[in-house]
């Protein structure tokens, strides 16, 4: 507890787009409850703070930390470890922290090819440049965070108390969680067991989707831009659109399918599922209407990027997690023994 | 290392055809390399792609999926579902950088003990030539400690 | 990932490694394996590991039973032979010792290791991996009970040919009710169309009609002709079957079967069914005089009254006022415990074999046409004549295997054509004295008294030419060919091409599955092979059961066969059904899938995946349910469920994933995955 | 418009020029867009493969490679000549089945900087494309001058229907595609029993007695059915049956007179095109008398009498047993 007796709150933005930060503000006047009930001690987006201030806090002194974004570099990892140490409740907040999210798709590519895409592209004036963790200049040695070979989820780096999926988490779900934590602090409610997924449902998006559904026989998968007409009341998957809803955890209210766009899977897998992409892949394949390899392959041609389709948000949390990269074992070893070395 | 490399394969078999083919290979004393470890399912239709990923992620160098010939499924038509999943899985594994030879689907009836043994022999040799998959290292992030993950990650 | 952590430590597992004499111990160091299991799998819950000469012997079983009782084992892993051999043995041993039998796992280190590998070290290592897989898997086993289902005593027989007739009579004679459904107006099937039956040449009608009459009068048989099964619901022991009884437009309770209506009906129609298109019937008709039941039907499509609105001749002339133009189709619902499908066959459409000219060349006949031609009750009163209706042929060519054993049509042998063709040869020789040529690939006369018949036909003077006929043509080339049908054939015994001019060609066309066999099979939750025949449970050891419990198959629906085999299979199916009925209930293996409704989102991915119709969708609650009595345990829906809401016993995700980890125990050690310790 | 890559082949440039002319004349009317394969070479006809397998397949492989390079909105290569069609289809199929052969062919092609991946293009015959892609109805819609009263023998030859590698034909032994097409033109199509028998091919150059016998069988068969003309879809068949008919008659002392024309020429006539534009009038056996019977006059007709029987060969007798119903028999009655 702080001097004013309020529990402490922190939020940190790692490898992600920052939408989660905005989402917290999207809870509207509920944010006043946060302010009324918590003392915000660390939230780089909202207030000035230094890493050493956090380091100076006693371990376990932050009551609630929302951590959004995945672990892409040594700075992300250092903050993850630091905030873990300082926090009583660490929440992996949003798809990136929970499952890697969109940045996790980079796990299909080797770092060098990522750099090539970023630094060798036509629009940059720094052709051939590669970021270096340590760089000598006349004034001395410069350090920037080291880029890791792959992106990890928060839980792959530190123990996490709760997972709150969504890209970003839905405002009403955030508000509900905030309420719950506040009530728990006042002894009026009990927190779910550690490791739980909060702010989301137990089933999948179809549970909340109002579109009519039938037995599925898919003759061809289509991309949405190729369809002239989409029946507004019928299951999108039945119309050939690869909708990730069947495998994606409920909680969003089936926002995308209701708006006519297939679910892309930001809430991750349903309860108890080991590998989101494999589940979805199996479901898609099972309802293909075809028994010969030719028929099936023709149908599958409608999904030009299967890995991207079934792992759009979950690749960093998948069993295989990413592709074979160009890095050799030595480099990997380096990464493995790496300790968070970056200091502000 | 590659001189002494002995690949380890996981083979998924159908209770009604390929598992019996393996039994038959045994009864007939047909020899094949000891590099495969078979696992029985009731049907190739039971094959959840997760199992294949799990085997590869747990250190297997290859996975052989077997089932009844098309039209001969003990459960009438479920092997077609296995085929559909396999074809999609194969496309995805290619994106993951896993050589197509490492995951194969083969039809083997209960009478095809010799054929199954030959398929296993061929696949072991193909994978021996490819070298180890070594997935955790190869995917250069290495797996986090499983125990820690299971406790801390609700999605486990 | 290691979801089973919570379980280890709680279970007390016993591992038993069998020597199987030297079968296993000759290749695998069984003692070392047992020691290794005791030591290295201890942390996975293994409290005892033993090896023994013959685990399946009573002493071996007692060893396990004693450990269960004394050491309080909660799980048992036996490493021995294939589960297909001794799974039951060890399950029963566990049960005797008070352990639920499904908590026992038998892993095969004989068929999968000692018998197939020669490298002793590698085989021993593999045995360890197999046992490790078994240990990880058995932790997740759950105590299960077999499903017990009561059996309704009534039986549905579909198809009133000789197979269905035989099955119905057997069951009815044993004192149980039977519903016999036939879609034509009369029972009798193809056999009723035949003149003589090989090899004894009995008159088909003479041996068939008494049985038809028995069916018609049997107190335990409810005969539903001109009827079709529309829907089948339920499962073994308790099927609910909806039958559509098509309108006959005849009041069955008033009709005496006198036949006046048929006589007076002004509309003559080519009879495509019973007369195989070679004869005529009226718009109101019974297919043949001995039809059972005796009541005719009015063929709405051809009836002048139904088509033009006037006529009603039959109504005016019926002495008992049995004609009822107002009749409508009726839907009946019956409860039965078992179903026998005896839906028979179609013959291959000979028009498809273009080069044989059927349909183009007048005097090319199909075998079924020939049956009617030679039948004393047929359109020519048994006169074997050309299409002109008067001319007796001087030479007849009979082509075997028309459309059978031919990759362009059907790969299979139709089983009856050899004998049928020889029968035709005999009839032609006997009745016309014409020269007969039989063209065959080879002669298959394998059943009792068949080859003797073949010899007799040879003695009759039939000429047999071994060779596949290339074409039947009317394009004459050589003298003597004008006005004839020329059969071009390679005589493979003489080693030359021959052109044989004949007056009449008979095509022994192959048997094919009913045109609607696939839909019918689907309706009953069973399946057809790629050829279209109904798939039996086991081609050798269970040829009358199907993969769906409670549904049996008899006769040509399962594959081409002759009358003796058809009758035998009809009786066999009946015997299987009777055994079921008399047991009053049936125990089903508890390998089943089930849905966790709280997780099910009602996405309906799984709904179309079950060929046994075990998956039911509840529209009201938008959740899916699996009927355990219909579920056959394949696990396809478990693998497909995107929400992970479906789980399956015996092969659950946890069991399989744990087994994979166990099987790769040493590999994981070979390639450890280092990681910095969390802060 | 359905677009195809077109392999004309040598015959269509010279001896079968009327086939080419008539094809070009009707192509737009039936919605056929053709793009000729650039720099194509001879297919090797029927003999070369007997001389040297690899060389023969490499010769064809070059055409396939050129076609593959030209793939442009369509993967289908169309050949009108049956021999060209067979050689192209066979080479592609054999290369697909036999990796060694494919490699040998590609080694040869490599010398010219070419490469062919088997299966890249689909090879189809003109008749197949007209009947199965464009459709009988599209053809029927263009008919302005139905060929009513013209008895036609549909002759397929032995090279297109068998072996049917890709299930293109309704029946390999007794195909009906051409029959249906000709019926759509209003012609009376006879049930020609010899429709897939061999015309003798190049036996005319090797063993004339054999060739004449094969020609006689076909001509006799057509004459037996009182066909006015025989229709073919292969330059070699046309050449054999037309150019050698007189010699065959001399050899056997017979007097057959069955004109042989291309099906595309008949299509053109039914579509109302001028005979000259269709290359008609260049035949050895004059089709003028047959065509003039149905009111189609060709310029500069040389008078010649043809005996045409009036009685259909198969009579129906009233007292007979019913004939089996044939599919499409209504169409036949039209």
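Every chain is named by a letter (A, B, C and D) in the order it is written, and numbering of its residues begins at 1.
Here, a residue touches a chain if its C-beta (ideal position, glycine included) is under 8 Å from a C-beta of that chain, and two chains touch if they have at least 3 such contacts.
All of these numbers come straight from a predicted model, not from anything done at the bench.
For the pairs C-D and A-B, the count of C-beta pairs in contact is higher at A-B. As a whole-number value, the distance joining the C-alpha centres of chain C and chain D reads 46 Å. Rounded to whole angstrom, the centroid-to-centroid distance between chain B and chain D, based on C-alpha atoms, equals 52 Å. Annotation: 31 Å between the Cα-based centres of chain A and chain B. For the pair chain A and chain D, the distance between C-alpha centroids works out to 65 Å.
For chain A, the set of residues that touch two or more other chains comprises 157, 159, 269, 271, 273-274, 279, 282, 286, 336. For chain C, the set of residues that touch two or more other chains comprises 1, 3, 609, 636, 639-640, 653, 657, 674-675, 678. Contacts with at least two other chains are made by residues 48-50, 54, 70, 77, 81, 85, 137, 142, 144, 148-149, 151, 156 of chain B. If you sketch which chains touch which, the pattern fits none of the simple shapes: not an open path, not a single ring, not a star, and not all-to-all.
Pairs of chains meeting the touch criterion are A-B, A-C, B-C, C-D.
By the touch criterion given at the top, residues 98-99, 107-108, 148-150, 152-153, 155-157, 159-160, 162-163, 194-197, 268-269, 271, 273-279, 281-282, 284-286, 288, 290-291, 293, 296-297, 300, 303, 305-308, 310, 317-325, 327, 329, 331-332, 335-336 of chain A touch chain B in their complex.
Within the complex formed with chain A, the chain B residues making contact are 48-50, 52-54, 56-57, 70, 77, 80-81, 83-85, 87-89, 91-92, 95-98, 135, 137-142, 144, 148-149, 151-156.
For chain A in complex with chain C, the residues that touch the partner chain are 81-82, 84-85, 157-159, 202-207, 213-217, 235, 237, 245-247, 250, 269-274, 279-280, 282-283, 286-287, 336-339. Chain C meets chain D in the complex at residues 270, 277-279, 350-355, 357-360, 362, 366, 379-380, 387-390, 408, 471, 473-477.
Contact residues of chain D toward chain C in the complex are 171-176, 191, 193-194, 217, 220-221, 224, 314, 317, 319-327.
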